[in-house]
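Each chain carries a letter (A, B, C, D, E and F) given by its place in the written order, and its residues are counted from 1.
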Amino acid sequence: MPEIHVYLAQGRSLEQKRKIASEITDAIVRNLDVAPEVVVVQFIESSRDSKARGGILFSDRDKAAKANSRP
Amino acid sequence: MPEIHVYLAQGRSLEQKRKIASEITDAIVRNLDVAPEVVVVQFIESSRDSKARGGILFSDRDKAAKANSRP
Amino acid sequence: MPEIHVYLAQGRSLEQKRKIASEITDAIVRNLDVAPEVVVVQFIESSRDSKARGGILFSDRDKAAKANSRP
Amino acid sequence: MPEIHVYLAQGRSLEQKRKIASEITDAIVRNLDVAPEVVVVQFIESSRDSKARGGILFSDRDKAAKANSRP
Amino acid sequence: MPEIHVYLAQGRSLEQKRKIASEITDAIVRNLDVAPEVVVVQFIESSRDSKARGGILFSDRDKAAKANSRP
Amino acid sequence: MPEIHVYLAQGRSLEQKRKIASEITDAIVRNLDVAPEVVVVQFIESSRDSKARGGILFSDRDKAAKANSRP
């Protein structure tokens, strides 16, 4: 307690997750006055075929962006 | 806001997820009067070894169904 | 299976939730070919003091918007 | 680690939640060989206006059941 | 994207949640290079009767701690 | 209803998950007086690079533990 879930599309690096886990834990410890060892951070990543914004899968948004960037 | 999580056993097609993401987003936009771009849909899929109904993993239910359907 | 969670700030009406639950369930049944009775939709609502966008709680965003709309 | 979330419609008693938290923790400790103190169980309850099965809110299902049970 | 859920027992102040939402968003923006406006933080709080550690509800842990602190 | 999510770092065996799903379902059925077929258990597992305790990823904790155990 507390537990933090970070919902992401896949593709972030180990180093990015390492830093986010550390900084979120620091924010929780500093503000809630709890021991670091009770803070759990879990990244719940889905493939870009399994996450959407605006009703369009990220994998489809990627394709549309690529098509639009062609000269 | 809002965010929608769809918890599934693995095995659904890209086309199924594409349509569900689109239709859920439409339902949210139509009923809550929000812009599509603030609606996020994430599918959180677990393998059939990692999801159960009635206390029995889907992978075990599959095997039982197969055995029952033998002549 | 499947289970759908809709994460919201509080303040939506019963009628809005009734329609969203019905329309999401229809989208799932239509696309995944499952019986309606296995589809569960749960709204997980937090107060406007407990949800943030852009690092700012919705309750604080409300106040800022109000201040900005003063003549 | 691990963390267990139990998603419920409101209306369960303190005693029911006390027993479930205890028995789920026992099951985790026994099978995963972890210390009880790292096991967290959180009940995430929504009102019967905010949870649906078969596309129908539990509060509406309650009313339908009541109507059907009239002589 | 991304969305962050913070699971807590009830009892934290508005100011604590305001700071945590701001600091988690900063950590995400800084490390993932996304715009602040796409970052959503939601606190999902349960009463101390609805969250347990070590198989014991927080409300029962509070009582035990109180009893132990009596001279 | 109810739905149970078990958040884990990857690495548990099929047999461990089979037993946990069965025992959690038993606990729910026994205490809430519901039919087993409405109880869903889903394991949501993240790699050891995607889960942290005390602000340190499990994969980094593994390395530190290994280093400390060298003679």
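As a convention for this text, contacts are C-beta pairs under 8 Å (C-beta built on N, C-alpha and C of every residue); 3 or more make two chains touch, one makes a residue touch a chain.
The structure displayed is predicted, hence computed values, not measured ones.
Asker: Among all the other chains, which ones are in touch with both subunit D and subunit F?
Answerer: Expected: A, C.
Asker: Measuring between Cα centroids, which chain is at the maximum distance from subunit F?
Answerer: C
Asker: Determine, among C-F, C-D or D-F, the equivalent of interface D-E; equivalence here requires over half of the contact pairs to be the same by residue number.
Answerer: The pair repeating the interface of D-E is C-D.
Asker: Subunit C and subunit F share one sequence, so how far apart are they rotationally when you fit their Cα atoms? Give it in degrees, rounded to a multiple of 5.
Answerer: That pair's rotation angle lands at 180 degrees.
Asker: Which whole number of Å gives the spacing of the CA centres of subunit E and subunit F?
Answerer: 20
Asker: Give, as an integer number of Å, the spacing between the C-alpha centres of subunit C and subunit B.
Answerer: The separation of the two C-alpha centroids amounts to 18 Å.
Asker: Indicate the residues of subunit A shared as contacts by at least two other chains.
Answerer: 1, 3, 5, 7, 24, 40, 42, 44, 51, 53
Asker: Examine which chains touch each other and state the graph shape they make (line, ring, star, complete, other).
Answerer: Here the contact pattern is something else, fitting no line, ring, star or complete shape.
Asker: Give the pairs of chains that touch; include all such pairs.
Answerer: A-B, A-D, A-E, A-F, B-C, B-E, B-F, C-D, C-E, C-F, D-E, D-F
Asker: State the interface residues of subunit D toward subunit A in the complex, per the touch definition above.
Answerer: Subunit D residues touching subunit A: 1, 3, 40, 42.
Asker: Can you check the complex and tell me which residues of subunit B touch subunit C?
Answerer: My answer: residues 1-9, 12, 16, 19-20, 23-24, 27-28, 30-32, 51, 53, 58.
Asker: Which part of subunit B faces subunit A closely enough to touch in the complex?
Answerer: Spelled out, the residues of subunit B in touch with subunit A are 3, 5, 14, 17-18, 21-22, 24-26, 29, 36-37, 39-45.
Asker: What residues on subunit E touch subunit D, complex-wise?
Answerer: Residues in contact with subunit D: 7, 44, 46, 49-57, 59-60.
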